[in-house]
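For reference, the structure is listed below as structure tokens.
Chain nomenclature is as follows: A, B, C and D, assigned in order of appearance, with residue numbering initiated at 1 for each chain independently.
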Amino acid sequence: MEKYVYIALFAPLLSSLFVALFATRPKILFMGILASLLIGASMISSFILLFYVNAHGALHVKMMDWISAGNLEIPFGFVVDQVSVIMMVTVTFVSTIIHVYSIGYMDHDKSFNRFFSYLSAFVFSMLILVMSDNFVGLFIGWEGVGLCSWLLIGFWYHKPSAAWAANEAFIMNRIADLGMLMGLFLIYWQIGSFQYDIVFASIKFLDISIVTTIGIFLFIGAMGKSAQFPLHTWLADAMEGPTPVSALIHAATMVTAGVYLVIRCGDIYSLIPHIGFAIASLGAFVAVFAASMALVNNDLKRIIAYSTLSQLGYMFVAAGLGAYWIALFHLMTHAFFKSLLFLGAGNVMHAMHDELNIKKMGGLYGSMKATAILMSVASVALAGIYPFAGFFSKDMILEVAFNEGAYFLWFALFIGAGMTAFYSFRLVMLVFFGEKEHTKYGIHPHEAQPFVIYALMPLGLLAVIAGFFEHAFRGFVTKLLTNYDIQIAHGTEVLLIAATLGIAISGISFAIYMYSRGGFSKTLENRFCYKLLINQYFIPKLYELYIMKPFGAISNFLWQKIDVKIIDFSVDMVAKILYTSGEKSRKMQSGNLSDMLRWMVVGIVILLAVAIFYRPIV
Amino acid sequence: MITLTHYLVLSGILFSIGLAGVMRRTNLLMLFFSTEILLNAVNVGFVAVSKYYGDLTGQMFAFFIIAVAASEAAVGLGLLILWYKRNGSVDLTSLQMMKG
Amino acid sequence: MYEVIAFYIFSALTIGLFTVVVMSKNALYAMSALAGGMIFISGFFFILGAEFLGVVQITVYSGAIMALYAFGMMFFDTTRDVKENIRCKKIAYTLSILSSILLIVILCAPLFSQNIEALYPSIQNAGNIQMIGLVLFTKYLVPFELAAIMLLAAMIAGIVLASKKMEMNLEIDEEFEEAKDVK
Amino acid sequence: MDHILSLIIFFPFVAGLFGFLVNKDSVRAYGISVSAIEFLLTLVLWVGFDSSNAGYQFVEYTALIPSFGMSYYLGVDGISLFLVILTSLMTMISLIALNIEKDAKNLIISVLFLEMTMVGVFLILDVILFYSFWELSLVPMLYIIGAWGSARRVYAAIKFFLYTFAGSVLMLVGILYMGFLYHEATGIWSFALPDWYLLQIPLQMQLWLFGAFFLAFAIKVPMFPFHTWLPYAHGQAPTIGSIILAAVLLKMGSYGFVRFSLPLFPDASVYFLMPIAIIAIIMVIYGAMVAYAQEDMKQVIAYSSISHMGIVVLGTFAMNAEGITGSIFLMLSHGIVSGALFMLVGVIYDRRHTKLMSEFGGIASVMPNFATIYGIMLMASVGLPLSVGFVGEFLSLVGFYKVNWVMTLMAGSGIILGAVYMLNLYKKSFFGPITHEENRTLKDLNGKELTALIPLVALVVILGVFPKPVLSTIDMSVKKMLSLMEQKAVENDTRDLIINVNSIGGKR
């Protein structure tokens, strides 16, 4: 079985490195196909491993030693257990589809080969992240996906906005990574190992305050990768990247790494429920916060990005409250329908010649039926309508919140569900139905190539049916994760489901109703609420004003004033004093004997004075 | 009673007079005179110390100082005359080749 | 008692004469005062029981050196006052007064090393000259010889230096005189 | 193999002397082959090195002035081995990349002399001789900066020389006093470092001696606020000078800390731990922020060196095997990475004769290979896992975490700020549209530059993925040094601290 582990892991690396050799060449179609095939091989291996794990339990592979110093031993070790195999399957599955999709999407891009190289590198990093059997290995993947994210967001580096967004994403993630590193250091000095099994076995013997600290630090790491408040701004800006990237990295896989970390460290977080609750609260806040920003935004991709953010919040609620399998389940279903949504958006973008403003679209249903249907399916799933995938996972999260007695969280999520339904259908309505605004701009939309649509079919299928695997899924992952039972009376449960469904459906209906009648009036745009939302609560502005600008100013101050004017100046001062004193005292050598004699006497006087005031100790 | 300190103070005063002369005069001949004063001042000190400590070393030193003074006068005057012949002046201001 | 009186008289005289040496504008006066001062210095030597040195002082200083200076001065125009453009007198005086004060303070302070042992203690029952002879021709024999050589060398040097290019310089001297006359 | 260390030290010197006879046209080939042979010799040294023996190997001892204990004493252990290899490697690489035509002969000879002094510093165990080589290394560098630098080269060269020279003078006093102390304690004179290691010194005296040595090392590292010679030296030096300066000369300072300060004065090292750690943190943050403010690419990398050396110093003073091993590894990685970065800046400078970031922009599309290699080096500099930069940084910070977690957090902000200035540099010069017409026709890397850079790229990846052989060799010698420090500490606090920071678990 080991060979499948290695195939799953290294096929993407091989793909990436091989394609990278042709990175600067003009488009070679074969590169895209090769990359897709290799990722496909990785996917097949992952599925084989899934069945293997289901039958025989976890698989542990140690490849080689990596770092050893002092007492520290870090190997390259991989573990394929119930959680990681689910992640592997999700990642490779979505990746394969996105690779195939990209062959069509990136058709006309001159950096076709480079794109596949990066994309495969990302898959490799992500697999390292999920498969590693120790925290540092996870950190390798963690940073690796950050790097690939940087490369891919900045893929069209000639656009300054893309370059800026790439750097922002990387730096924001770095901030969080520091927190995570600190957590790792603490784990090491307390336990002496980074291996999951050793750490989780001995974590319960540690002082609770230390476990709390570890939990907080690790979660700071998770916050960055999963773009939780206040490190969330990069995700929306990351939409500068090509759409497949947004689908793969910024919706389906990388951003869920934070959730994965919390799930993986379930043994730590179950010891510290108060931190878990804080995580859940933050998650609920982000769920509503992001959804509210999605309500008014006009950028096709940004809306979906905020939706991702909001769904990540849902996952954190589940994970924070200890319902790890539910979080993982939502992670998986979300990966399917969200990537579908993004890829559909990619089709729309192509059709609209990279126009992103949904106000300039409308009526696209006529020209791109398949895409419209797929996106609508995804939106329904996102909104959480029975029997689509989103319903099962999302509804359970609400139940978890209710079950834990966190009614406030439940209410927040409930509102969030309504918003989700509204904005996703606002998008569908504005893009595919209503007035054909785009004709004003002389654009003639066309459907994507057929193979692209076929590639999306599996995702569409899964977005519909994935929810029905709930019981199988639960049985599978709870072998490793702590089980979580929702103990709500049947009547209440039905009521809750009804309420959730109700608000989702009413959100959808409201959206359909409003936008079929031409949308809201323009006057609303002058309201403060609208301005607040469209400006993302002014948070990016605040960051720019109170963090970036002062940082630049302080840096400049340090360089111009402290370094040049004070430190270097004082160094030069010493030299200058010596030089000028030499220059000045040169005049003493006037050549006049009388003067010299006087100087000599001055010297005598000084020596005499010294003789008076300084007496050696007898 | 005259103590060693008296002599030493006297020697100090004479020395200072010599110093004043060394600084004040610019005529080279006068400088030589002042130098003689300095040497003599020291001699007084040496002899006084020699006396009060009952040690002859001081007198020996004074003796050698006198010898040195004699040679110095001889060579110095020779040089002075040479200089005078060349420049027609024994003033210090004519001696300014070492100006830095 | 006599010693005290002698000391103060000699002190006053030497200080006075040396001051004249330093201050006088006339080279001749200065030299005469210097010669007088030298003789009074020898007076101290006699008071201190260093008769030999006293004699040497008179013969060498007042006799030899002063004669040398006197001869030397014949080369220069000594009848005229010495013309000096003395600059910054104050500095010179301040410095010398300062140094004298410092010196006196130091010398008046108690010697912190009282237990100085005589390296060559005076020999009992022997006159000063005898003692000097004993020390000079035993312990200080080599320095003494060296001093003799030094004096010889100095003498030769003095002669050579002073007699160099005598004739030519006379001419220059005349020219110098003429030039002065023109003025 | 008996005299391999002497051979390694003096081969470049002798070859340099013969270099005067070599024809002008072939001197480059001569220089490269000499440095390649030297590199091979150091590799032979590594092959022959017994990595299970923590002590000094290939020891050569000849008494020079026996009455004063001065000797010709060479030896190599895990700590110095890789620095020697780094030196010969970087010299070779920089000579391969050399493209100065003017007086190339003299330049190459200077570089070979410099190589001798640098290797000597790392291999010599006699302190007086160490000092001589330490000071000698300034002379060739002075020439390299002063004769082949840019506009303000004379100022920079003199500043470099006088500053570092002034610092090490105090070290000489310290060395002489140590020798005196050794004489007092044992009755014989010795300036051999292994002898000195055995000497227990009272705390008060340790503090003074530590200070004397510290200044020399601190200026060389360079530690804040003694760093201002560095930007000038880098800014004005020719590419080859910058490469060697960043890659090797700075390491002499941090090597001094490991070789002298820690084992000779364990109590003083612990006593000064916090002040030095604070300085190191200032270096990290301050260096990074000033680097961000720079307009000149080379200056960015120069200040980034200060930032990275801060982490090296921090790791060294973590007093545990993880930290010190990490800091030595970080020296190696910084040598490779910053050397490569300076070389890359040199490449672009040769083409455009400017290093200002504002003059570039969008170069990634014109020079893709260049941008790729630059990107790899940048990521290694930022400390991305699986690149060489991560291992050392991670270990250094892990090590210091045990000493003080808040300070580690502050030093760790270096990894954020590092990303900020490096990515900013990359964005300004490589991303965005091409704003200057003359940049449109820039040529990508040529064969010569690729030959120089590809080995470095390979090393960055290989050492990042498989650092173990290097790490375990360093680790062994470091552990030996730590046990020595623990044994000879005169204060109980020191011993407790060393034991504490090397043990896992327990209370913070």
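Throughout what follows, a residue touches a chain if its C-beta (ideal position, glycine included) is under 8 Å from a C-beta of that chain, and two chains touch if they have at least 3 such contacts.
Because the structure is a prediction, the values reported are computed rather than measured.
Relative to the centroid of every protein C-alpha atom shown, the closest chain centre, again from C-alpha atoms, is found for D. Simply put, of A-B and A-D, more C-beta pairs touch at A-D.
Rounded to whole angstrom, the centroid-to-centroid distance between chain A and chain B, based on C-alpha atoms, equals 93 Å. Inter-chain spacing, taken between the CA centroids of chain C and chain D, is 68 Å. For this pair, chain B with chain D, the centres built from the Cα atoms lie 62 Å apart. With centres set at the average Cα position, the gap from chain A to chain D is 36 Å.
Shown for chain C are the residues that touch two or more other chains, namely 91-92, 95-96, 99, 103. The residues of chain B that reach two or more other chains are 19, 23, 26, 93, listed in rising order. Among the residues of chain A, those in touch with two or more other chains are 594, 598, 601, 604.
Remark: the chains found to touch one another pair up as A-B, A-C, A-D, B-C.
Interface residues of chain B facing chain A in the complex, by the touch rule stated above, are 19, 22-23, 26, 31, 92-93, 95-100. On the side of chain A, the complex with chain D involves touching residues 23-24, 64-72, 136, 139-140, 143-144, 147, 150, 154, 157-160, 162-164, 166-167, 170-171, 174-175, 177-178, 181-182, 185-186, 188-192, 207, 210, 551-552, 554-556, 558-560, 562-563, 567-568, 571, 575. If you check the complex, the residues on chain C that touch chain B are 3-4, 7, 11, 14-15, 18-19, 21-22, 27, 30-31, 34, 37-38, 41, 44-45, 48-50, 52-53, 56-57, 60-61, 64-65, 68-69, 72-73, 75-76, 82-86, 89, 91-93, 95-97, 99-100, 103-104, 107-108, 116, 118-122, 131-132, 135-136, 140, 143, 147, 150-151, 153-155, 157-162, 164-165, 169, 172-173, 176. Looking at the complex, you find that chain D touches chain A at residues 159, 162-163, 225, 227-229, 286, 289-290, 292-294, 320-322, 325-326, 329, 362, 364-365, 368-369, 372, 379, 384-386, 390-391, 394-395, 397-399, 401-402, 405, 408-409, 412-413, 415-416, 419-420, 423-424, 427, 430-434, 465-468, 471-472, 474-475, 479, 502, 504-505, 507-508. Within the complex, the chain C residues that touch chain A are 87, 91-92, 95-96, 98-99, 102-103, 105-106, 112-113.
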